[in-house]
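Below you'll find the structure, written out as C-alpha cells, and then a few comments.
The first chain written gets the first letter, and so on, giving A, B and C; residue counts start at 1 in each chain.
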C-alpha cells in the first residue's frame, strides 16, 4: 500500500477519512494520495462509497474524521465556491446538467463571469466540436452521450488544476467513451491537469489512468499502478 | 368604479378593460411574492406588510411635499433594504423549515403593522392621485390610472424577463431554481443569490404598494386583504412569470365577471376558491405553461 | 442496561400515578373555575370567559398542528360557523329551550359537515402539507364572505347582536367556559397519551411509513379535522351565548393566525401550553389594550418570531427534555405477547405464484427506466435483485408497492392486479416494504413504533396505552436477536443506525405480510448486524414460508442467502436464475466489468 501513502508531493491527499449520511457510515477510514499531473482511477462496485468519497472531498457531505489536503492545505469545511476558486472542478453523476438551460448557459455557469467566456468556449470546442453548432439548444434535449460530453466540457471550461469525475462512462457507447478518454488525456498532456476518476468501467479506467485503487465497504481494498496485471486484479474485486 | 356606461358595446368594452386591468393589478401585487417563492421556495407572509410599507412611502413622500412619483423609487429602495435585513436575520435560518418560515414572516408582518401604527397612527391616510381623470378608449371613457397600471404591469413583466433571461444574476437565479446543489457545486454564491432575490422581491412588493395607493385607502392593515389573493395566485403559478400572468388573467377575469354579474362579495372569493380547485385537480397549477 | 428490568417493573405504577396526577390537577382546575367568580372582579370574569373559550380553540390547533403536523389557519372558520349557527337560531327563531338545543346541535353539526368536506378536499393520496395550509387559508375567507353576503340573516358586516342567549349570569358563563376548557384539555391529554393518540405523532413524523404500515392517513386526518370541528363549533356556541354578539371577524383568517400564534407561544405539542398561552395572551391583551395597545402587539409579534426561529418546537421540547432528564432515558416497556400464527390470506393451492409481474414498464417522459419486466415470486423464495446503479431496481420495488407508479404492464398479488391501488391497500393484501434508509418514527419509542405496525390489525385504544404488546412470533424473534426487546421503552431517536434497521424490519414483519420487499437492508451495517439480518431473512423465508425480494449491493451477502438472483441492467431483466447460474454467467461478468451493451 506504499503507493497510497500521502506523499509530500501529493496534490490531493486523504488520510483516514470517515463520513456518511445521517446514521449511516459509508467511508470507514480512507487514505490515498493523488500526485500532480496524474490520472487516478478509483474503482469499486455500487454502494461501496465512491460517490460519497467525491462528495466528502467537495464538502457536500461533512467528513466525520480524518484529513483532506489540497496543495498541502486542509480543505475540510471549505465552501464549494472556495474549492472552485482554488481550481477544483467536478463532473457529477446525479443530475449533472441544468436540463432546461441552453448548452451555452450550462457552460457559462462554470465561469465566475462572462469576460473569459469566448476563449474558454473555443478551448472546449477543440475537444467536442458539436457543441459549437448547438449552443442555443437545451441541454435536456441532447442524447445521453452528448450530455456526458457537455458535463466534461463544462468541467474543463475553468481550466481546473484538479478534476473530479463521477462515473462518466456509465451507460455510454464505446465510441463516446473513447472521445471522452481522448479529451481527458489531451487535457492532462497540455495543461498538466490532475484527474481523479470514480469508475466501474474497467476498460475505460485502464485506458486513461496511471494508477488505481479499489474501494470496498468504505475502505481501500487494493491499489496499484496500471500495468499488465491490473486488469485481472481489479476484475476480481468488481465481479459478482 | 368607472364612468357610467352608455351602450351595450361600451359596457362590454368596460368589462373587458376591467378584466385586463384587474389582472394587471393582481400581477403587480403578486410579482414580489412569486420572485421570492420561485427562487427561495419560501412563502413571504410578510408580503402584505411590504405592500403597506410601500403605500406609506407614498404617504411619507406626500408629507414631505416631494413629487408623488418619487414614491416609486423610494418604496423600492426602502422595501429592498428592509428585505435584506429580513432575509439575513429571519428567513435564512428557516430555509429548511418552509412552514415555519410562513409563520415567522407572518409574525414579522404583525411587527411591521404595529410599527407603522406607532409611526403614522391607525387612521386611514390619503395620497395625491398620480394620474387623475379618465381617457377615451375606443369610445369608452376609462380611468387613466388603471390604464397606467396595465402599462406598469407590462413594464414589470418585461423588466423581470430581461433580468432573468438577460443578466448574469438572472442566469444564476434560474440555476438555483432548477438545481441548487449543482449550482453550489459549480461555485455559485447561492447565499448571495438568495439574499439579492429576497431584496428584489421585497422591493417589488413595496413598489406594488405604492402603485396601489390611488386605487385603495391606506391604513396599517391594508396589505392583509391583498396577501391571500396573491398567495393563491402564486401557488397556481408555481415558479413562472408567464404562468402568473395567465393565472391573473383567468382568475382575475373570473373575479370581475362574478363581481359584475353575480355579487361583488362572491367576486371577492373567486380567486381563492378557483385557485384551490385548480391546485386540487393539478397540484402543479399552471406552472408547466 | 442492567436496570432495564427494574424500570419495567416500576413503570405501570408510575403510569398510574401520572394518570392520578392528571385527575387531581383537573379537579383542582375545575374547583378554581367554580370558585373564580367569587373573588375576581367583573371585568376579569368577563375577559377570562372569552379567553378560556379561545383556549379551547388553541387546544384543537395544537392537536392538528403540534401533534399531527397540519399547520391550519382554518379553525376560525369552524368557530365562526358554530357561533353564527347559534346566533342565527337565537335571533331569527327565538330562544326557547328547544331552540337552544337546536342551536347547540347546529353549532356542532354544521362545522362537522364543513370540516368533512374541507378534509375530503384537502387530504387525498399524494396531497402535501402545504396544500392543507393553503386550503386552511381559503376556508375562513369563504366563510367570512358568505357571512358578509348573508344580508339580514347574518347581519352582514355588523354581525348579530341583541339576541337572548343562555340564561346565565356572568359568573355562570365563566364557570361553563372554564369547565368546558378543563374537560377539553383532560380529554385531549388522555387521547394524546393513548395508543390511538400516538398515531397522530407517527403521521407527523413519517406519513409514508404510516401508509406502508397499512394506515390510511387520509382517513385519520379527515376524521381528526371533523371531530375537532365539533369541539370548535361547541366553542362557537359558548362564545355566541357568552358574548351576546357575533361578528365576521370571528370567522376570519386573521383570527385563525392568532390561534396559531397563541399555540406557538404556549408551546405546540403540549395541549396545556397552548391553552395557558391563549388565556394568558388574550387576557393580557385585554388588560393592556387601554394603556399600550400597539406596543403590546409589537411585543407579541417579536416573541412569536423569536420563538419560531429559535425554539421551533416551542416549550414542548424543553418540557420533554426535562422530563427525560428526571425519569431516565427510557419510557414505558410493555410486555411482549406472541400472537398465534395467522392463516394465509389465500389458501396455498400448491404452486400458484404469490407475485406475478407481466411486461412491466416505467418511463419518465421519453426516458424508459423499466422495460418488459416479467417476473414471478413464490412462497418461501428469497429473490435478490442486483444490477449496476440506475438499472431500475428501486423503481421496480416502487412499482410493486404503489399501484400508480407503473406506466404499463401489470403487477398481480394472488392474481389480483394492484393497478390504481394506494400503498395502504397494497399492504392490506400482504406486502410489506422496508425502505433503504431506515424509515421509523423518531418521536416514538420502540414499542410504540411496533404498535403502529399493528394498528391496521387491531384498533388501538383511545383512552389508554396498553400494558402489553402482541406481535407475531417472528417479529419478537427479530427483537430478541438484535437485543431490541431490552429497549422497548427507548426513544427511537436514541437508537443506532443498525438498531433502526432492525426495528423497521420487525415493524414490517409485524404486519404479517406474505411478501417482504427490502431495499438494501444491510447498507451501513456492521458485519455482525449483517449476519443477523441474513439469518432473520433465511428463517422468514425457508421456515415461515414468506417470500422476500431484496435489492442488495453486497454480493457476498446475496450469494449466501438467496434462492434466486435476478439481474437488471438498463431497465431490462437480463437474467433470472440460481446463484450458481448468475455467478458463472458471461453476460453478467461483462456488465460488471466494462459497461458493454447487452
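Simple rule for what comes next: a residue touches a chain if its C-beta (ideal position, glycine included) is under 8 Å from a C-beta of that chain, and two chains touch if they have at least 3 such contacts.
Given the structure is predicted, the values throughout are model-derived calculations rather than measurements.
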Worksheet entry | Pairwise touch network: line, ring, star, complete, or other | complete
Response to the item:
Higher number of C-beta pairs in contact (A-C or B-C) found for B-C
Response to the item:
The distance between the C-alpha centres of chain A and chain C, rounded to whole Å, is 43
Worksheet item: What is the distance, in whole Å, between the centres of chain B and chain C, each centre taken as the mean of its C-alpha atoms?
Response: 36
Worksheet item: Which residues, counting only chain C, touch chain B once they are in their complex?
Response: 71, 121, 124, 126-131, 133-135, 137-138, 141-142, 145, 148-149, 253-254, 257, 260-261, 264, 294-295, 297-298, 300-302, 304-305, 308-309, 312
Worksheet item: Residues of chain B touching chain C in their complex?
Response: 90, 93-94, 97-100, 102-104, 106-108, 110-111, 113-115, 117-118, 122, 224, 228, 231-232, 235, 263, 265-266, 268-269, 272-273, 275-276, 279-280, 283
Fill in: Residue ranges of chain A in contact with chain B within the complex
58, 60, 80-81, 83-85, 90, 92, 95-101, 105, 108-110, 112-114, 154
Worksheet item: So in the complex, which bits of chain A are touching chain C?
Response: 20-26, 45-48, 93, 167, 169-173, 177, 200-204, 217, 235, 238-240
Discussion item. Taking the touch rule as given, give the residues of chain B at its contact with chain A in the complex, in rising order.
Written reply: 168, 171-172, 174-175, 178-179, 181-189
